[in-house]
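Take a look at the structures below.
Look at the two complexes coming up: chain A is in both, with chain B in one and chain C in the other.
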Partner chain A sequence: MNVAVCIKRVPLSPGRWSLTPDATAIDTSGSAMGWTLSPHEECATEAAVQLIEADGGEVTAFSLGTADSTEQIRELMAVGVSRGVLLETGADEWDPQATAAALASAIRDDATTYDMVIVGTESADTSGYQVGVRIAHALGWPIVTNVKGLSVTGGVARCERVVGTDREVYEVSLPAVIAVKDGVNIPRYPSVPGRIKARKKPIDTVAPTATPARLEKIRLALPPQETGTATVLGTGPEAAPRVVEVLKEIGVLT
Partner chain B sequence: MSNLPSSAKCVVIGAGIVGNSVAYHLARLGWTDIVQIDKGPLPNPGGSTGHASNFIFLVDHTKEMAELTLDSVRQYEEFGTFTKCGGIEVARTPERMQELTRRITSGKSWGVEGMSLLTPDQVKDMVPFIDETVILGGFYTEGVGVVDSLRMGTIMREKAVEMGALQSFANVEVDDLTVVDGRITAVVTDQGTINCEYAVIACGCWSRQIAAMAGAEIPLTPAVHQMKDIGTVPMFADAKGDIEYPIVRDMDTNMYERQHGTGLEIGSYAHRPMLYDAEDIPSNAEAALSPTEFPFTPDDFAEQDEYALELMPDIVGDETIGEKYAINGILSLTPDGMPILGETPEVKGLWAASAVWVKEGPGVGRAIAEWMILGEPEIDVHASDVARFYPQQTTTKHIKDRTAEGFNKTYGIVHPAEQWSSNREVRISPYFEREKALGAVFYETVMWERPFWYDSNAGLLEKYGDAVMPRVAEWDSRWWSPIINAEHLQMRETAGIVDLTAFALFDITGPGALATVQRVCMRQMDVAVGKVIYTPVLSPGGGFKSDLTVMRLGDDHYRVVTGGAHGMSDLKWFKDNAAPEATFTDLTEAMSTIGLWGPHARAILASVTDADVSNEGFGFGTCRDITIAGQTVLASRISYVGDLGWEIYVPMSEGLAVWDALWAAGQDHGLIPVGIGVYGTTGRLEKGYRAYGAELESEYTIIEAGMSPKKIKDADFIGKQAHLRQRDEPVATVMCLLTVDDHTSSTGEKRYMLGKEPILTKDGGPITDAHGRRSYVTSAGAGPSVGKHILMSYLPAEYAAPGTHLLVEYLGEQYPVTVEGSGAVFDAANDRILA
Partner chain C sequence: MILVYVDHDRGVLDELSLQALAAARGIDADVQAVLIGVDAVALAPRLGEFGVATAHVGVHDGLTDYAPMAAGRAVSQLAERLQPTAVLAAGSPRGNEVLAHAAAIMDEPFAADCTSITLGDGVSEVTRYRWAGNVFEEARVHAPMLYATTALHVFAADPQSGSAPAAIVEFAPDLTPADLAVRVLERTGGGGGGVSLAEAKVVVSGGRGVGEAGFGPLEELAELLGGTVGCSRVVTSAGWRPHAEQVGQTGTKVAPDLYIAIGISGATQHIAGCKNAKTMIAINSDPDATIMSFADYAVIGDAATVMPAIVEAVRAAKG
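For the complex of A and B:
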């Protein structure tokens, strides 16, 4: 079975976030700014790797972004992705429609035929919730979103979703797109041999065709800072009873 | 909100290992009313201490760093926060094996015990998970260990609180420092203002920003070092303690590996320098993890993964072992790699306390507290003095250039004479272009470019042949040239001109000038106008604070000339101890110094001036204005090289005209340009002249240095009482010159010691004086005029008699040396200087 995962390079601040002066983007100019991929996509990759470990096949990571996105593709290669396809763009942001169209066509045109595309439900920066759905539409495949449990038997994917306090179970024939949520699994840590192998794995670069953007970004606003206050409950063993009380108050202990 | 006091004697800002140590030692030495604040929570406020690897290797080539480290280990042990596990530095290259022998010699010089060289198999016996086939050997230090720096800090705080001396407050942010008339008067925080007499900045990577609030400079920068923890390692699964195997430093790859509980920690100093702006470090509230733990960048660790796999394949190659924790951890780097300690020159009462590593943290705390309360630390920390920096060394460019260059030297093989390559040609003398044209090879001193030798003198090599004492071994001849010795010999024959622009000069004027120099300097300063006095400056405890030259230029006018490296510290010391109505004028940037020495120096000078420069007309130890090439200059008849001559002080703008006049006149007298290689080493060593920072430091007395005047002046001076006491005590050790009897190594090569090597008994045992100080080579260099390689070392009386045979250890081998005595080995009667 061959699985494609779609991932996105997103900024990671060790601390505060700030916006560019025109408030249309996250300011990534600070010397401490790092980059990562969203937790949902780490889970998507782990799900894909688990499937091919069970059934054989390969996982390919597709990413649309700048050349620096190879850093995130390598990160996933260290935990089992075999190959990467970079849809290289300039620094300008692509809207979800253009992104999905480019990814769908890259997946369709790839030399490998895929049985499944696994995506995260949303990216960590823009949280559009759109790309997975639009890829499925473009490919003409079914999609199950918000998946918190996944297994494949005989060409059928069994997907679990959590809705309120209930669970929904869908069975969908492959090929299909699955959009997973954080918590569907616990992604493995990379090993050092994994890291070393990752550096030798192939990444193909393709030039995606941009479709005109239909989404216009007016401006971003930072959410209000959470201001939590810490209360010292006591020091040493004397603090224990009060700690127990608080744990009961917040429902951790009953 | 906390109930922050509105006043305190001393506010310690920072609760990392240094801040806690400062607070504890201030309390131990008797201060009460200490308030400590930190912007983060306790016990881990989020600075570099909280994510430190916490291991301590004992050996460092720098004595000051080694002593601070050894003192820190004693403190960690005292408080039960030190776990001894041993440590092995492994070598993959022959160059590194040589370096490991050098590390053993440095360890012996500073008194480190329990060191040995290991074969690869012996390393394997101690560290079974290492692949011994990739290494050539190892250097084992038994006393290496791991500390709990957070627990240590907590204990120190608690002790100070128990003494009733300390109140500590977490989550208090400093908003401003109030300075009135050059003194710190208050620390302004987000929770109120604390009026204070003293404030100590122990803020690690934030120190520069905090100091700037008071207009003071603590030049350091946040940088990251990468580390990752992999686990669970099956063979460590039953580990009971934090550390059960020796720590391995894979020196040639700039890495370390250590067992850490059930995991293996792999750290690197190999990656590109990653420097940050302190403003970009998030606050505790904003930080995802600790504020000083930045996202790991795996690309920068690519080679290190491979090296770790090579060295420890059984663990690192195990695909089931995951990378559980990986960070780019913030630490603070200084431009010269040394800590930054002491009262800031800009603000009285404001103290800098910036260690670089956890290994010297407690030692730094003790040194600061002793300095604040007793007037000087027991360990001489002059190379860490915050006052050492010139303005050219506190710029952001300088800090970034030098820390970036220095980062990869953390585990490097750094030659003792190695020069910086970044941010050069910042301070250049008026003669720079002339010197370049003469093929000067420039070394740097406090940003000045100084010719060390001149390629234009290469022709002298043939003239002097083997008398230039050529060196064949690459290490001995790195950053060295036989031309230095040729220049030396030619200067002794004819004359040399030396660029001494790096000197620091300052004038003290006004009604308080005499009282100031009398109080600071040991020698009699109430002398006739026109006298030049070379004088020790004592620390309160009777050790060396400095040695320098003072000229009396008028009744109320003295000029101090001192070495560039220590000049700003000296200026601060004079200012700190100035009498009322004394005015200081720093002339360092305004005045240049030219040295002119050699038997023909008088003839050269006479040909460019109308002044009487005969021995009768211009005696040794006097100075006065003369005219050269139409320029009025101050000439001073002194010598640090052992030959007749003068130092000539001239305004920078007029210097070139004077240089050119001397140069032109010198052509008929065999004048050559002479570099600092002669001035700083060969010339002075033959004469037995001691140098500050090498022979002279606060840990040795002037009596031990053999420089005590017969008569002590009546006037009071700093260190006088201590010195008078010392005169009645037995002398523990005495400064001696030794010469090397045989340079031949076991492979038949001639080897030349470079300094800092241990002096050993004839049986190869260490020599330790009554105060526990080891004998080591304080300076080493050629004495071309006597045809011997000269070493200087303090020796206890039983070893100090001339003719005593001893050994010196150099790169793992021992060579015979003979004690010559404590004075000059060349022209002991000073006939040449007094000619």
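For the complex of A and C:
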């Protein structure tokens, strides 16, 4: 079974947010800042690697972004991804429609035929909730999103998602797109031999076709900073009676 | 006219969808609703209270439970026929999913989790969440019909008593077997027991500072207050608690009356999931923890000694 995963290089979420002077991006110039993967996509990759460990086959990581995205592709190669395909863009962000169209055609046109595409339900940064769904429609495949449990038997993917206190079960025949959520598994850490092997694995670069953004970012803004100070009810177990008073005041305890 | 997708779970109305109705009414007095599945027929009249004059219910033999691709297809077909200026839904997992399908089918843009929407002729302006609300994006959406969802807990549902019930108009969506292939087949676990995290009025949430063995008093307090237990990402990553209990950007976003954050430092990814709580109490041994600037009340101390005392005091107060 061959699995494609779609991943995205995103800024590490900082303790304190700041924007570039033109307010079009997160300021990543601070010394503590770096780049990483969306958590959902680390889980997407782990899910893909587990499937090929069980059934054989290969995992390919597709990423649309700047040339620096190879750093994230290499990270995933250290945990079992065989090959990377970079859809190289300039620094300007692509909107979800253009991103999904480019990823779908790269997956379709690739020399490998895929049985599954695994993505994160939404990216950590732009949080658009749609690239996986659009890829599924472009490929004409079914998609299950928000997946928190995944197994594949006999060409059928069984997916679980959480609704309230229930788990819903879906079954789709492959090929299919699966959009996972953080928590579907616990991603492994790369081993030293894994990192060494990763250096030699191939990354192909393709030039995707840009289209004008129809969801066009104008600028970013930060919400008003919380400057509130909490009313201290006390220190240690002696604070318990004051806690009870507050619970009564706000009507939680009657 | 604005068309709002109103979700339900086997005939139980999704309260979050009422927030999308409130947002729609703030833009246009003419609001119509679309619901999917014959189970929705019984609940649709109630939407009159929320400003809906007409509720369209998509009925099809294959629609026996939630089916996202089919729902998206049905919504897109209705929108094509009715030509609203916008199609909205709540920014819930299902709302975002159904609208993403509808927009993908129509090859139109989709703006998720909006906090403001201004409709224009061919170009609408929205403000939407990035980073689960830690950053706002101002964007232009170039489309004749806007597909968008509303960020949760930003618009308040406001029922108008004495309104006429919504009129029901059934329609038959044209669905293929492929559309219906993605649907809920069965449900496992939970089912009746316990309070759902997303809807709990009280969430007693623990972080690294609680320790693997320290969740007992949190469970007791949650039960005494009729709430449920939540936790931070560190806790689920360590395997101390199930992922279903995780509050935060990649977990569940909650908006309870009371959120008690115990031994949680307040990473942005966690705050994104709990900042809409009406009241927050932080219990932490570090008086300078980030969580303190979001909390209304604080207790400085170690969860291991503070929590048993609070449980005992609450038990005593309840008599």
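Going forward, the second predicted complex is superposed on the first by the 217 of 254 C-alpha atoms of A that agree within 3 Å, B and C clash if a C-alpha of one lies under 4 Å from a C-alpha of the other, contacts with A are read in each partner's own complex, and residues count from 1 in each chain.
In this section, a residue touches a chain if its C-beta (ideal position, glycine included) is under 8 Å from a C-beta of that chain, and two chains touch if they have at least 3 such contacts.
No experiment lies behind these values; they were computed from the predicted model shown.
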Larger contact residue set on chain A - chain B or chain C: C
Considering only touches as defined above, state whether A:K248 meets chain B (first), chain C (second), both or neither. second
Per the contact definition in the header, classify A:K148: touching chain B only (first), chain C only (second), both, or neither. second
Check the residue A:R219 against both partner chains and state whether it touches chain B (first), chain C (second), both, or neither. second
Look at A:R195 in the shared chain and tell me whether it touches chain B only, chain C only, both, or neither; answer first, second, both or neither. first
Determine, under the contact definition given at the top, whether A:R108 touches first (chain B), second (chain C), both, or neither. neither
Would you check which partner chain A:T36 touches, where first means chain B only, second means chain C only, and both and neither mean what they say? first
Mind working out whether A:L12 is in touch with chain B, chain C, both or neither, as first, second, both or neither? first
Set intersection of chain A contacts, chain C complex versus chain B complex: 13-15, 227-228, 230
So, in the complex, the side of chain B touching chain A is made of residues 41, 171, 230, 275-277, 280-283, 285-289, 291, 293-295, 297-299, 301-302, 305-306, 308-309, 316-324
Show me the residue ranges of chain A that touch chain C in the complex, using the header's touch definition. 13-15, 17, 19, 26, 39-40, 95-97, 100, 121-122, 124-130, 133-134, 136-137, 140, 142-146, 148, 160-173, 181-183, 186, 212-223, 226-241, 243-244, 246-248, 250-253
Quick one: which bits of chain A touch chain B in the complex? Just the residue numbers, please. 12-16, 30-36, 71, 74-75, 78, 188-196, 199, 225, 227-228, 230
Taking the complex as given, what residues does chain C use to touch chain A? 9, 66, 68-69, 93, 96-97, 100-101, 103-105, 107-113, 127, 129-143, 149, 178, 181-196, 198-199, 201-202, 225, 233, 236-237, 239, 243-244, 246, 249-251, 257-258, 267-269, 275, 278-279, 281-282, 287, 290, 292-302, 305-306, 308-310, 312-314, 317-318
